[in-house]
Amino acid sequence: MIPEWNDYLLAQAFLVAQRSPDKQTKCGCVIANKKHQIMGQGYNGFPRGVNDSVLPNKRPDKYPWMIHAEVNAILNCIHKPEDCVAYITTNPCFNCTLLMWQAGIKDIVFATNLQHKPSMLHDDKYADLMEEFIQLSNVNIKEHDVNLNFLAFKVDDWRLGDI
Amino acid sequence: MIPEWNDYLLAQAFLVAQRSPDKQTKCGCVIANKKHQIMGQGYNGFPRGVNDSVLPNKRPDKYPWMIHAEVNAILNCIHKPEDCVAYITTNPCFNCTLLMWQAGIKDIVFATNLQHKPSMLHDDKYADLMEEFIQLSNVNIKEHDVNLNFLAFKVDDWRLGDI
Amino acid sequence: MIPEWNDYLLAQAFLVAQRSPDKQTKCGCVIANKKHQIMGQGYNGFPRGVNDSVLPNKRPDKYPWMIHAEVNAILNCIHKPEDCVAYITTNPCFNCTLLMWQAGIKDIVFATNLQHKPSMLHDDKYADLMEEFIQLSNVNIKEHDVNLNFLAFKVDDWRLGDI
Amino acid sequence: MIPEWNDYLLAQAFLVAQRSPDKQTKCGCVIANKKHQIMGQGYNGFPRGVNDSVLPNKRPDKYPWMIHAEVNAILNCIHKPEDCVAYITTNPCFNCTLLMWQAGIKDIVFATNLQHKPSMLHDDKYADLMEEFIQLSNVNIKEHDVNLNFLAFKVDDWRLGDI
Amino acid sequence: MIPEWNDYLLAQAFLVAQRSPDKQTKCGCVIANKKHQIMGQGYNGFPRGVNDSVLPNKRPDKYPWMIHAEVNAILNCIHKPEDCVAYITTNPCFNCTLLMWQAGIKDIVFATNLQHKPSMLHDDKYADLMEEFIQLSNVNIKEHDVNLNFLAFKVDDWRLGDI
Amino acid sequence: MIPEWNDYLLAQAFLVAQRSPDKQTKCGCVIANKKHQIMGQGYNGFPRGVNDSVLPNKRPDKYPWMIHAEVNAILNCIHKPEDCVAYITTNPCFNCTLLMWQAGIKDIVFATNLQHKPSMLHDDKYADLMEEFIQLSNVNIKEHDVNLNFLAFKVDDWRLGDI
């Protein structure tokens, strides 16, 4: 079976997330245009080109240093991501939601959190702000119950050499 | 006298700042390439296209809603601002500094704060983080004692019609 | 008060004009797209990269050497200025009007001439040609009674440090 | 462990390959610039926007209809792929190699064929042509013994929710 | 008389064809947007930057080495040729037709073959595939009975110096 | 024989010139980058999209209305013609030379005037200004004794069908 676009692009985001140097949370974001062409990708990480071995890699000290996947994806875009869709491995924080909106992204798809772990960035205040922004902007944020089975099975197939 | 580039581009940033809807602080940022061509501009403001009359316009409630001038300038850039210079009406916060760096901006010029008022965003922790980042990245942040006299005098001239 | 777009972009043009090396007339032109993002700027000046100290800086000898603000603004545009608007500190000459039109600019806004001085470039023949071209092309040329007060007052505020 | 770039970008190519409608061979190609930013992707498939249910999906009748992954990746590139690198799930045919070269791609990385099955497109004549072209052009074609373990294991982790 | 666009752009294609190193067949292709601005040009030739003096220049050995004019024109395009028109000196082969389609070209104009010589690339199987593709895709392929008289006469005029 | 680049690109310029509506002088200009890819073309003509049947088509009344080939070529360029070369059917006037320079064109090639007719635009004052500008700027203006034989002969061949 050919994976549908949401599963396919979220799988890409999960793949991108593998590049994250963050030892606690690996996030990935893929920004694609309406033809599903990838315009930019990003993962959460330290400032680029910097010797990050001396920087804190644990909560909460890492927070000011860690640039979110969505921000990196926006900044990596080859063109301005106007009218593009962001595919994220987890639900975005409020600040990233504003930045994506400001960059012209009006559609966001994130994978159902498979880990069922609450995030420090998603407290009650966050929920209120998000609710208010969604009301005001009509930004379209969709949770997608991602199906990655095609990926796991295919990897075995690739290794066994039978596709 | 023809204004020198730093004065000229900071004057542009002060001009952009006038567009800010923030009643307490008006910041402006101009991003220019090495030929001094403007690539993007921004001022601090609410998310675009949103009815912001219902949003808080006072400290500290406005903080999560207010997008900084530097971020808007980056997102407004016509091309990726790789190797460009940012001109800002005041010293940037730590988060904006990281974002500018991540966007490829390695040179930042800001106007000497004419108001001598401390900012809530520039506390001691901020100073330590900035210091550490400057050490690690060699980002070039320069305070410029901006001369806006050419602007004030000229405005009178324009009105009197004698240039 | 936040300046309206016409005042704001004409103020930018007046600011650009300050860079002109012409000792008799300083013109500025800002080309912006329909979202008010600046695409290019220019001032009247000599050919770039040339030792212009030996060139004539007085009327009428300077005429063949002096490239108009509008032409420089068009040539400085980061992208083709198709469907953009030109904001000019004074009324454009006939030749610049044709060039802007040919570059895809169908809307021109110029500041009311504050100096009430006739220009050698705007004689009777000029008026006839302009009239005929406007009839034929429906180019939209608008004189705007620019309000620069916001700029003058703000400059004082910046210096006094109270905005 | 963070996957190295060759493994990471080939994993992307394997992911892209999943979108191929070809029931016998699924190929994927990712074109990235020297900063590892993705410029274009493609998989082998029928002409776009065409009702391909009536087209032959078996060897050899499918051959004239099936556009190779590399060609689609080149045509999907957001910018011209000058000086980019192509990452392919299998060794390219001679014609695609010429087209990539002609498009400005001088570096090609392909995954070791895990299936050990000869391809009809890679006969003796092919080998001679490739050999001659490599001699003449110094195109850099590298076989990479791809390690996809990180992908398979991580997929389980994602499902179990423990990364 | 001013030549009409089809004649004019096909004349350009014939001009481009003169650059072909192929001693048996010289093809040219010009890709223009709907405003008749040229986006790319190509002629049939060997891989670029390669010492092609050692390569076969006769049928059929040259076939795998010779890159068609249409492919070179697509790869030379300054921007992606989405919704552009291809002007070709002769009828395209099936493979080039697919590639042009895949590149977003839905309109093809080719000059009536003035030589009345059958091509090895245009056998019966080719005709069937073309027929089927045209049915499926509605690609618009138009034969144009090119009038090059304006070119021949004008060349004499240029030499005699009387235009 | 394959025409050399100067002949080939000037032949393109002569071809473009055929599109000019000017009944007295038909000029053409082709701007190409250093890889000889065409970036823009132009011919002398009236403002675009205008009913020019009512405009004067004779010297000297046509002068203010007629936009030169070089200007149209610059404004038609798909990208800014920085470091490109202009190929012109005749020697450029002083104003166009400045505009090309200002647009970043430092190399100009024009065809030897085959008509040996003086132009009203090339009087003594013109010659002095050109001389002075060439001294100051080191712009590279080259007259090329264009060989169009390949074109005339080939046109016959095309018609006879024997290339």
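Each chain carries a letter (A, B, C, D, E and F) given by its place in the written order, and its residues are counted from 1.
Going forward, contacts are C-beta pairs under 8 Å (C-beta built on N, C-alpha and C of every residue); 3 or more make two chains touch, one makes a residue touch a chain.
The structure presented is a predicted model; accordingly, all values stated were derived computationally and were not measured.
Between chain pairs E-F and C-F, which one is joined by a greater number of C-beta pairs in contact?
Counting C-beta pairs in contact, E-F comes out ahead.
Over half shared numbers or under half: where do the identical copies subunit D and subunit E land at their interface, same or different?
Counting shared over all numbers used gives more than one half: same.
Could you state the distance in Å from the CA-based centre of subunit B to that of subunit D?
Computed from C-alpha means, the inter-chain centre distance equals 45 Å.
Based only on mean CA positions, could you tell me how far subunit E sits from subunit F in angstrom?
Centres of subunit E and subunit F (C-alpha means) sit 25 Å apart.
Report the inter-chain centroid distance for subunit C and subunit F in whole angstrom, where each centroid is the mean of the CA atoms.
28
Which positions in subunit F touch two or more other chains at once?
none
Considering only which chains touch which, how would you classify the arrangement: line, ring, star, complete or other?
Chain contacts: single closed ring, each chain with exactly two partners.
Put in order round the ring, from subunit D and then through subunit E, what are the chains?
The ring, traversed starting at subunit D in the subunit E direction, is D, E, F, C, B, A.
Can you check the complex and tell me which residues of subunit C touch subunit F?
By the definition above, subunit C touches subunit F via 47-51, 54-55, 64-65, 67, 71-72, 74-75, 77, 80, 94-95, 98-99, 101-103, 129, 133, 136-137.
Quick one: which bits of subunit B touch subunit C in the complex? Just the residue numbers, please.
Those in contact with subunit C are residues 2-3, 8, 11-12, 14-15, 18-21, 26, 37-41, 76, 78-79, 114-117, 148, 150-152, 154-156, 158-163.
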